[in-house]
Amino acid sequence: MLEFMEGSHAVAEIVKRCRPQVIAAYPITPQTHIVEDLAQMVANCELDAEYITVESEFSALSACLGASAAGSRVYSATTSQGLALMFEVCFNVAGMRQPIVMTIANRSLGAPLSIWNDQQDSISLRDSGWLQFYAEDNQEAVDLHMIAYKVCEDHDILLPAFVCFDGFILSHTYEPVALPGQEEVDAYLPAFTPYQRLDAEKPLSFGMYATPEYYTEFRYETDRALYRAKESFIKAGREFGEQFGRDYSALVEGYRLEDADTALVAMGSICGTAKDAIDEMRDAGKKVGLLKIRTYRPFPGPEIADALSGVSTVAVLDKNISLGGGGAVGTEVKAALYGSGAAVYDYIIALGGRDVRKRDVAAVVDLAEKGKGDMFYGLRTEVL
Amino acid sequence: MTAAELIAFAAFEGGAYAQAFPAFGVERRGAPVQAFVRFSDAKIRLRSQVYEPDYIIVQDPTLIGDVDVFMGMKAGGIAIVNTEKPDFEASVPEGVKVYAIDATTIALEELGVPITNTTLMGAFAAATGEIQLEPLEHALRNRFSGSMADKNVRAAERAYNLIGGAV
Amino acid sequence: MAEVEQGCELFSAGHRACGGCGPALAARLLLKATGKNVIIASATGCMEVFSTPYPETAWGVPWIHSLFENVAAVASGIEASLKRQGRSEKVVCIGGDGATFDIGVLCISGAFERGHDITYICYDNEAYMNTGIQRSGATPYGASTTTSPPGACAPGGNPLPKKDMPAILAAHGAPYVATASIAYPNDFVQKVERAINTPGPCYIQVHTPCCTGWGFESGETLAMAKLAIDTGLWVNYEMVDGKVVKAKKVRRKPVEEYLAKQKRFRHLFKPARRDDVIANIQAIADANAERFGIDIKRKESSE
Amino acid sequence: MALRVGCAAPPGRALDNKTGAWRVFKPVFDPETCSRCGMCAMVCPEGCVHETEEGTFEPDLDYCKGCGICEEVCPKKSIRMEKEEK
Amino acid sequence: MLEFMEGSHAVAEIVKRCRPQVIAAYPITPQTHIVEDLAQMVANCELDAEYITVESEFSALSACLGASAAGSRVYSATTSQGLALMFEVCFNVAGMRQPIVMTIANRSLGAPLSIWNDQQDSISLRDSGWLQFYAEDNQEAVDLHMIAYKVCEDHDILLPAFVCFDGFILSHTYEPVALPGQEEVDAYLPAFTPYQRLDAEKPLSFGMYATPEYYTEFRYETDRALYRAKESFIKAGREFGEQFGRDYSALVEGYRLEDADTALVAMGSICGTAKDAIDEMRDAGKKVGLLKIRTYRPFPGPEIADALSGVSTVAVLDKNISLGGGGAVGTEVKAALYGSGAAVYDYIIALGGRDVRKRDVAAVVDLAEKGKGDMFYGLRTEVL
Amino acid sequence: MAEVEQGCELFSAGHRACGGCGPALAARLLLKATGKNVIIASATGCMEVFSTPYPETAWGVPWIHSLFENVAAVASGIEASLKRQGRSEKVVCIGGDGATFDIGVLCISGAFERGHDITYICYDNEAYMNTGIQRSGATPYGASTTTSPPGACAPGGNPLPKKDMPAILAAHGAPYVATASIAYPNDFVQKVERAINTPGPCYIQVHTPCCTGWGFESGETLAMAKLAIDTGLWVNYEMVDGKVVKAKKVRRKPVEEYLAKQKRFRHLFKPARRDDVIANIQAIADANAERFGIDIKRKESSE
Amino acid sequence: MALRVGCAAPPGRALDNKTGAWRVFKPVFDPETCSRCGMCAMVCPEGCVHETEEGTFEPDLDYCKGCGICEEVCPKKSIRMEKEEK
Amino acid sequence: MTAAELIAFAAFEGGAYAQAFPAFGVERRGAPVQAFVRFSDAKIRLRSQVYEPDYIIVQDPTLIGDVDVFMGMKAGGIAIVNTEKPDFEASVPEGVKVYAIDATTIALEELGVPITNTTLMGAFAAATGEIQLEPLEHALRNRFSGSMADKNVRAAERAYNLIGGAV
């Protein structure tokens, strides 16, 4: 049954139903509504969890790490500067293989400070070892939280995950969402069984350091676990589809790609606008499609290459910029398509809340088809 | 919940897909703000702001003049303006129909506070025909409880009937 | 008011604070006290956001914002640089209670330990207002915020007492630590003057009610600040070299007068009165009165 | 206008933002009863109360947000809040 | 005149001669010797600077930001966890366009904790807007510091820079270095003239926030400045060559590439070992060469494509891993060579201090020539 | 010594500390005090490095290391998790002075403010030893370290006094704060027992001389710790609810006895005596004696 | 040996590292003069001083680093440091 | 400065390119450590550890047995071992020549402390012929000053002559 609600509220509701035992989060726009809702649920005895009102994001994730290592299912949420402040802890959590799920209400990163949306924050943590899933709409955001816990806690995986949804654009938008009920969630997501935990009955030392004899192998093991997460995601997504009727068994998803000459590649909410734009372009006779990346980490390189095999021009919409190095997704898509023969162009777009309209998507397609790309799209040259 | 969200909610209750979102910003209490609504029979995927609205609601008439509240409106559009003075001056685009309603007074009378969301919702429903009275009432009763629900429904209905007479 | 220069506002109108914003008034008063020969380092928060959307700055003096949590470190660097250049500007940090009590503690502790010649002003509106009224370490016991909401499992709202930042910074060896309130503008101005003229790291915590976050009418901002003092929930005092040297005396009113006027304490009265929580809050005021000796002894019972 | 390196800007530009538009109520000052204490000017968060040549005070309505603090503090009750008419 | 000394000491000596006015740094292995030397120089009145003994890296870089904005030339140094802790500040400094030079004694990033060398730390900040220069030996490390200050302080650039040199492998190695004298350094590097500064005489607000109206354009301006830094680097490197006889006018540098079929691509000290290995392979009749990347940010994509235009196989030695996404340099090299027809393979190598010998380099070339790549090299499978 | 269980070492031999390491002894004593029903969270530093190269851990109890600066936050999470699970392990943090006085202050301040039921032990060897003897906030005034070296422009070595962490944490409202020393092993063990059995966040700062970093013979570790106490440069005391309730009394010796035995103070004697700095250090000891009332009055002049 | 997920390990393995090899001097305990106070065992940073069946004490030379703390604290001077001979 | 650095320095003073570095680690005082030296007529670019040394110096003889100190050595290699007992037992690879020298005693006698770096440097110079006495002395005088320089030079020379006799 669909319900009409704010994206943040929908996320909070599903998180509640995933039954985290410890929540530690620090407020930051536009993530706040989620953690405020959770705080209220705990205060109302609707959610039986410890809610730690930490003094910073650094402590938020550190507390999550401790709680996870001690054997609890944990949850956090952040964005932008908050995620940036967690950077060191994020690498640590992944290396320590703690299955923490954290919502990222994507927002740009300063300077200049901006509370508005792009995906710089999570993308700039792409090396950290966290799984990264991007939602196109609030329904997907809700569903990905359940899948994320399932994948992360899989004893073959044991990794943390970001569930990314675009700040404001999704988090502050009211739209219809189907919220699985508690029993349904319980049926899908079993209670947390830690693989190993801090326990006086069975002492273990966690987070030892690794000499050159061992370090490479630990990193390799973590990297392998990320790649194994592909299978785990597909399985969890298929099971999700079987139970809830919404299938997430694909790491990437094509839209009207079958006979497309030109493909857009994008992540998150911009995919919705792109789809509408594509419908219009299709109506105008243009063979255009979209490839949506759902799992940015592990990066689905072969899956992208496969999905785009028939396409001659690829335009990547990058809501981030690796300063002095181009858009991150564009770069990785090029590497994935290396040797394919398709022309690939990268567009830095929608930074810091710059709105994207259907006509902007069409303009990007035009540019790509004209062979112009690897550029910022939509600059207000009048202020430069 | 803003008027935008209430309207979208009512549209959703009436069986449409709906989307509502504010113009994301850092505005402090007192500063002028905007919000957007879409509704449609199909799932709404578009995420951009609304640049060419079919309808607009102006909650604070003092903005007219300072801001071009009718920007982007096309012929056939409908504007609902909360004002005590139905004879306000503004450059309305051609073909746009303007309904003036003193929502503040209605709200004060019905709810005791100058919060005009629900009143304007009633006016919107009547002016545009996009929302029927029943889902509107349903939405309000879902949102408010007890006597607050009754009061808000009454405020919306008063506006509905006022504008309904004008339509 | 002769001591305060009129007419030429270093903190200019046109900023975007809510009408009746206590912190906005504090910013104005701060610059009245410092004059032009100052460099302000500001933390992220309401004050920064309402005063500096590019390119519309309200600051008439050199001002810098880097992050939410590092303002004291930025100021350390400014001070070192000025010292090396032989320059005379005073270096003043301004941060909200979140920036000060919580996320900024690392940089503040370091700067105070190193003994930089800076003045740190915390404008205390007792929650994270910029992000929508979440609990901070400065939120008083019993107050409702969006992350310390009342509910069946947390009937009293915020369960923790206000962190004692002045004592913490005094323990760092700060030569001058003071509390102030916008209810007493001249007192605040004088304390700022004293702080910037005291060598070494000084700290002032100024009470700046926030009508939006606390839930009261915008015109009552100063009244609310005064009531905090009159109930003993806020004490204006000075500490020199770690010792309290002066505290403003009052004829105390019951805390209820203060609580009842603010939405953030409404759950203590409705739906049911929480006499336990109110009594605890009264006990906090009593302890303050005791600790700082602020009670004016009533000589005549008729008073 | 070229962007200034590092998101920097010179003072003054906040004045471009006429916050008087936010006002719902407006303060009306009565110079007759005013004692010229200056308290209203001291406490206005907008810094928009100015001394007149006569030594009494008046608000700059381009910026006054109508918060009512001046009314509240005026010891002489010389300030009265009125609903804004535009 | 060559002098025999430890790499860290050589760096400290050249930093001293660059006359920083404020130094703020926090100790961390293997950066410590540099900052210890500088502390001693200040104590000895050899260096007239404020040395701030900060309580953390977060404050170190924040203090540098303040000092730079107030008009001083500043210096810092860090690595690994310390750089990770600075992450948020790094983005901020670049966006605020402060010309800070910071030495990175490259080290791996935990978990697991490791004090040993790889380049994960600086590479994981590739989005941040800092220029990144990598030194092959201690001479280059010394020289790049002078060049870095010159480029960063160029009023057309105004960006911060990492001067990266491999921790331990260079920082703790004694070898001959030519240290320019103070007058020579002064002749090359003029006194610091801030473009704008915090100043009561001329007030400015620094670090304001940007609404969606302006954010994209600020990011664009910063990105442009990074690309302009290419020209600035080439100029500063050419001038350096003219004055000191060691030329740094190239962003990338080929070694025996002219007729090579296979090219290695690498950064930092591994280039030395690779060169020796290449000489041996050349002796054995193999047409192998090396492309060394000196300026990783701005990324010299076209320069790489140009230098490798004649090569059929490319093997990238990546001393980092973007977990679940491959090596960072390999990915970017693939993007840069997109459409070139060369086969490009990526090798994750030398992580966390794993030693690399000539025979390892040769083995990588063999793998690449056999078409096997995009893998970890040199795993100790016995511990997996 | 009957109260300390022998034979079964929870902190095992084979660790890689320097011979004569004070912190290594503190780790052993700590686990004697806690027994098995504990979870230890450790900060990066000498103790972590010498005890846990993979896979050779010296810890016989559950132990976790995350980063240098977040141990108190990690412990907060552990405590919350145990609470939720209804488990009984005590949660103990252990960090060096660098982890505690400097980089870890944010997480510590937060954890103490929130009132978690944890015990934080700072083993204080008065510098960053793991990275090669750099100054920390705990480094005493006048000591030479690699980042506070003596020289013509800094003849006295470290120019700053030791930060008063116990007072800072007492100002956070910690119910139990104590200092201890490995010179008095049983006292340390008893204080740990008291701390872990006191609800809420407790703090113990244990003096652990480091032969390598301070420059003395490895056999003299305990002697040096004792001399610190005997000179009044280290005071063993307890604070309950912010008030000093007990301080170890001594017949004080002149500080010079302590200083002259350590390389880190050698610049105060060679090449020339720095009587000014020595006098300042004596004044610190005198102030300690005054503040804590530790002087045993000499009844007989013959003593 | 497979790596343990998350760089974790069970207790005991430090004992693989025989730090006795570091020793330059070694403590020699004299059971004759020993008062059995146990101080040596209490203060050894290696925890490698053990009680014998007789109640006196002896070091485990597999781990003893020869630091000399035990010698220094022994109230009976029952411990003497000797140059290590191997 | 370790023996490795001193030797490399002397080689550098003697006109060669040289490189010296420790085995990077976290070892605490007292634990066994290693260091490596290369010298060459050409610039040294190689950065790997030394796996097949031409020469080794063993400063602490108690390690022999616990550790295979001669690992990787080939025929023609030279080992200098600091030991009081020239008849220590060890499995020396074929063709490796071992010089035993009681450097500790020499150091104690000449310097008053058992720091054997400079003594072993003299032995190394004599045993391998890679360093001449003059640059060696130059290196030592550059490194030490005053009477310490004299003492160290004397220690090195004593070892040089002792081994020189044996060569």
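All chains are identified by letter, namely A, B, C, D, E, F, G and H, in their written order; residue positions are counted from 1 within each chain.
Everything that follows uses one rule, which is that a residue touches a chain if its C-beta (ideal position, glycine included) is under 8 Å from a C-beta of that chain, and two chains touch if they have at least 3 such contacts.
These figures come from a predicted structure and were not determined experimentally.
Engineer: Would you identify the chain whose Cα-based centre sits farthest away from the centre of chain B?
Structural biologist: H
Engineer: If you average the CA coordinates per chain, which chain's centre is most distant from that of chain A?
Structural biologist: Centre of mass proxy via C-alpha means gives H as farthest from chain A.
Engineer: Comparing the two chain pairs, does A-C have more C-beta contacts than G-H, or is it the other way round?
Structural biologist: Result of the comparison of G-H and A-C: A-C.
Engineer: Once you find the CA centre of chain A and the CA centre of chain B, what distance in Å lies between them?
Structural biologist: 35
Engineer: CA centre of chain C versus CA centre of chain D: separation in Å?
Structural biologist: About 23 Å, centre to centre.
Engineer: CA centre of chain A versus CA centre of chain E: separation in Å?
Structural biologist: 30
Engineer: Measuring centre to centre with CA averages, how many angstrom lie between chain A and chain D?
Structural biologist: 47
Engineer: Could you pull out the residues of chain C that touch at least 2 other chains?
Structural biologist: Touching at least two other chains: 16-19, 21, 49, 53-55, 57, 59-61, 65-67, 69, 101-103, 105-106, 109-110, 113-114, 137, 211.
Engineer: If I count partner chains per residue in chain A, which residues reach a count of at least 2?
Structural biologist: 53, 55-56, 81, 85, 88, 92, 95-96, 110-113, 115-116, 203-211, 214, 217-218, 221, 353, 355, 383-384
Engineer: Could you list the positions in chain G whose residues touch two or more of the other chains?
Structural biologist: 3, 6-7, 9-11, 19, 22, 65
Engineer: Looking at the complex, which residues from chain C come into contact with chain F?
Structural biologist: 101-103, 105-106, 109-110, 113-115, 137, 160-161, 163-164, 167-168, 170-173
Engineer: Using the touch definition up top, name the residues of chain D that touch chain B in the complex.
Structural biologist: 19, 21-22, 24, 65, 84, 86
Engineer: In their complex, what parts of chain B are in touch with chain C?
Structural biologist: Contact set of chain B toward chain C: 26-31.
Engineer: Of all residues in chain F, which touch chain H in the complex?
Structural biologist: Residue list for chain F touching chain H: 16-19, 21, 46, 49-50, 53, 211-212.
Engineer: Given the complex with chain A, which residues does chain E contribute to the contact?
Structural biologist: Against chain A, chain E makes touches at 81, 84-85, 87-88, 91-96, 108-116, 120, 123-124, 126-129, 131, 207-223, 226-227, 229, 297-299, 301, 320-326, 328, 330-332, 334-335, 337-339, 341, 343-344, 348, 351-355, 376, 378-380, 383-384.
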